[in-house]
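Each in structure tokens, the structures are laid out below.
The same subunit A turns up in both complexes below, where it pairs with subunit B and then with subunit C.
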Partner chain A sequence: MDTKAHADETINHITPYRIYVLVWVTLMVLTVISVGVSYFHFGIFNIVVALAVASVKASLVALYFMHLKYEDKITWVFALYPLGLLALLIGLSISDVFFRAVVSP
Partner chain B sequence: MEGVEKIEHVHGHHVDPVVEYQSLKFGMWLFIATELLLFGGLFAAYTIFRAKFPEMFAEQHLELNKPLGALNTAVLILSSLTMALGVTSIQRGKPKRLALFLLLTILLGLAFGVNKYFEYSAKFHHHIYPGTSIFFSLYFTMTGLHMLHVFAGMALLTTMLVLTLRGRFSDKYYTPVEVSGLYWHLVDLIWIYLFPLLYLIA
Partner chain C sequence: MANHTIAETITIPYLEEKGLLSWLTSTDHKRISIMYLLSISTFFVLAGISALLLRFELLMPGKTIVDAHTYNVLFTFHGAVMVFLFIVPGLAASFGNFLIPLMIGARDVAFPRLNLMSYWIYLLGALIILISLSKPADTGWTFYTPYSIRTGTDVILLTFGIFVLGFSSILTGLNFIVTIHKLRAPGMTWHRLPLFIWASYATAILQVLATPVIAISLLLLIAERVFGIGFFDPAKGGDPILFQHFFWFYSHPAVYIMIIPAMGVISEVIPVFSRKPIFGYKAIAYSSLAIALISFFVWAHHMFVSGMSEVAATIFSFLTFLVAIPTAIKVFNWTATLYKGSIDLKSPMLYALSFIFLFTIGGLTGVFLGALAADVHLHDTYFVVAHMHYVMIGGTIMGFFAALHFWYPKMTGKMFNEKVAKIAWAFVFIGFNVTFFPQFILGTQGMPRRYADYPPQFHSLNELSSIGSWILGIGMFVMAINLLRGLFNGEKAPQNPFNSLSLEWQVPSPPPHENFEEIPHVTDWTYGYGKKSA
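Presenting the complex of A and B:
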């Protein structure tokens, strides 16, 4: 019964137009910020800021536009597990680039 | 499990709408996971080559048209908004408004494609091709694969538009619209990372 009630709640959730417009305004502001920052040179911080802003934007899209905020736990698991795999793939690849010993022929 | 029993009882007909809704949506999230991993391979390649050849990336990304890239980002984010507004419209039982928002979303996708066409043309005009360098190889592969997804999304949304005009959706039944919307937002989500990684690196 509990899951049924939860299902009804998930299905009946309607996000008001207002919330979507607010999320859109935030996304546009963040885009302007990331483009603006790219005209200044802070060295390594440029890429840190760019990726941080992109991640905030991606989270907003997933949580509100894709309704992840209102989904059940199992959907969250399947939304997050590819991110874990990506972290493994990219993390291990990059460690290979940096730590591989140069072997002389 | 409860749902599976129900489906068997009715011999595959008249699937419980709640079960249909949940399994379709869950299926799309699974597909989204595979899509993220598809692009993930390219993001890994990007990371490796950028770590190995930072000067090449810093130099050659200047060839990309930053204002046009920013414009395309705005276009795609706006298309995500119109898609989301469309879902709320049908949830409130307004199919005509859904049709309008679907049309707007498709047109914005088209605008993105036209922009990209001009961008690619400008690159070819300057004799920049996928074989020019590792950076441009990554640029064309990543944005090209993304463009394919935009086209696929537009095809999906056009199907939804036709079904909406035929009166197939109401506030009681809009599952395919919502699930297609998820796919469209994924296309936006990937571009949100592609834009800074390709156009905005210092």
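Presenting the complex of A and C:
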């Protein structure tokens, strides 16, 4: 599948500390943002903003702290597939929840 | 092992070392496989006995041996144990563990210690489930809300046990994925892999990706029971059907976790006993992956009459038909492999042919149930009970028995009595059909499932079904005795009694600790039957 040289390269990649610190600082800033935002009221957008910030943070952790950025294609496939499944779970459940017959009590 | 040199250890048969501790601490995939095999078989017997009791209660209308509550407890125990302790770990953990390294030409799985840990986690989960029996749950294996929130029985421990078992399943799947990616012998390309490996790979993907969802659903259920959080309670803004969505998002793919390894077994047994190359290798291989993908799209076909929206019901009914396609691809290819083969009806083959016949009935009735208009009538009747048993006994368990008889000489180094094995098969086959075929008819006549009693007009077919369960029970009993006797009295097995080309048959029976003295170089696929000497 993967050639020897390529495998070594993925295993041996060393991320400089500078990047780790940078990512950490970004995560902290994002945390401050999500706390700060909770003092404002955007209606339905509250949840959109909260989830967007959280997603960015999760991606940073996966990409840098979990080394996804330096992995080969097959690892990416395994990492992204569950996201597709999550979308599927939510998406197809919506076809139920948003389309139920209205029952008058 | 300490007093052997490394070179010796490599050649000692894996069964040699005695003592319980040496088993419970062994990281040899073959020993772990045997431990799984014994454990799941024990639970199979326990859950089987509870099934015989259920059928005895249904022998006659009115109360026969147990009251209604005990009946509910019995079918919950039967379903939960059969599903989570027998059939889901099932073929993957037992035969998968034994065969994957041998078939791909490796000395063990990628993470042997993780493998042992998976087994311990399995034991822990099993223990928790057994403890829950002090106040046994009565919800059915599906734990639907709101009843599972309200019942006074111990739902929490039972579901927690299943939660723990999930980790065993996930870690086993992970181990197999890495093993198949990384440890194939030189020359063992993807398209030379035995089809059992493709099946195990597809199963492993499902185990890793679907199991977390049942873990979460059960955790939410426990949280709702313990802390009164209203995930599923409409009075608190929850949604009772949400539980069913979560539950089936796992449990439909889980039915494929149960069946795909059995399909892999059939793909191995059929060519050996028809002396022909497997027909449509790539179609069978990729249809396993297709199933692993499509099976995530159909879960709500279990919920057509739950109060789910009609839009969703229509979409899911349509999607359900898709899943029949890869399944049918396999059946057609196996049948084509048989065509003009030199068929040898040894016991593994008899079980494999039973699989094709019975699983086809089970799969086709699944299509009836997937059709929205038909399912509105058939849902929660005995038709569903018959369907699931045709796929799970007629499919998975026939595959399991085929595997038991086929790899028995390799695993134990002994032969069993073939004549007795055939007699046992006849009892199993006849008993199974007598038990479950009448249930299709009862279902279409409207007999609901999960009741301890029924009106008199259903008597004769129920009686027939109960008698069938005895025939089936006798068949399995004879089979078990025959296999156990072989361990002690059986002749010594040759290295390759069925003349198979697959790698596991090219090492001694039973295989040595490290499987291969030298890692083999693979130059061809494993299905070159009917040519040269094979």
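Heads up, the rule we're going with is that the second predicted complex is superposed on the first by the 99 of 105 C-alpha atoms of A that agree within 3 Å, B and C clash if a C-alpha of one lies under 4 Å from a C-alpha of the other, contacts with A are read in each partner's own complex, and residues count from 1 in each chain.
Criterion: contacts are C-beta pairs under 8 Å (C-beta built on N, C-alpha and C of every residue); 3 or more make two chains touch, one makes a residue touch a chain.
In this text, all values refer to a predicted model and were calculated from it rather than measured experimentally.
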**Asked** Which touches a greater number of subunit A residues, subunit B or subunit C?
**Response** B
**Message:** A:A62 in the overlay: touching subunit B, subunit C, both, or neither? Say first, second, both or neither.
**Reply:** first
**Asked** Thinking of the overlay built on chain A, is A:L85 touched by subunit B (first), by subunit C (second), by both, or by neither?
**Response** both
**Request:** Using the superposition on chain A described above, determine whether A:S95 touches subunit B (first), subunit C (second), both, or neither.
**Result:** second
**Request:** Using the touch definition from the top, say if A:I74 reaches subunit B (first), subunit C (second), both or neither.
**Result:** both
**Request:** Applying the touch criterion given at the start, work out whether A:S34 contacts subunit B, subunit C, both or neither, answering first, second, both or neither.
**Result:** first
**Asked** Which of the two partners, first being subunit B and second being subunit C, lies in contact with A:I14: first, second, both, or neither?
**Response** first
**Prompt:** Can you list the residues of subunit A that meet both subunit B and subunit C?
**Reply:** 74, 81-82, 85, 89, 93, 97-98
**Prompt:** Which of the residues in subunit C end up touching subunit A in this complex?
**Reply:** 181, 209, 213, 239, 241-242, 245, 249, 296-297, 300, 307-312, 315-316
**Prompt:** Which positions of subunit A touch subunit B when the two form their complex?
**Reply:** 4, 7-8, 11, 14-17, 20-21, 23-24, 27-28, 31, 34-35, 37-38, 41-43, 46-47, 50-51, 53-54, 57-58, 61-62, 64-67, 74-75, 78-79, 81-83, 85-86, 89-90, 93-94, 97-98
**Request:** Quick one: which bits of subunit A touch subunit C in the complex? Just the residue numbers, please.
**Result:** 1, 74, 81-82, 85, 88-89, 92-93, 95-101
**Prompt:** What residues on subunit B touch subunit A, complex-wise?
**Reply:** 18, 21-22, 25-26, 29-30, 32-34, 36-37, 40-41, 43-44, 47-48, 51-52, 66, 70, 73-74, 77-78, 80-81, 83-85, 87-88, 91-92, 178, 181-182, 185-186, 188-189, 192-193, 195-197, 199-202
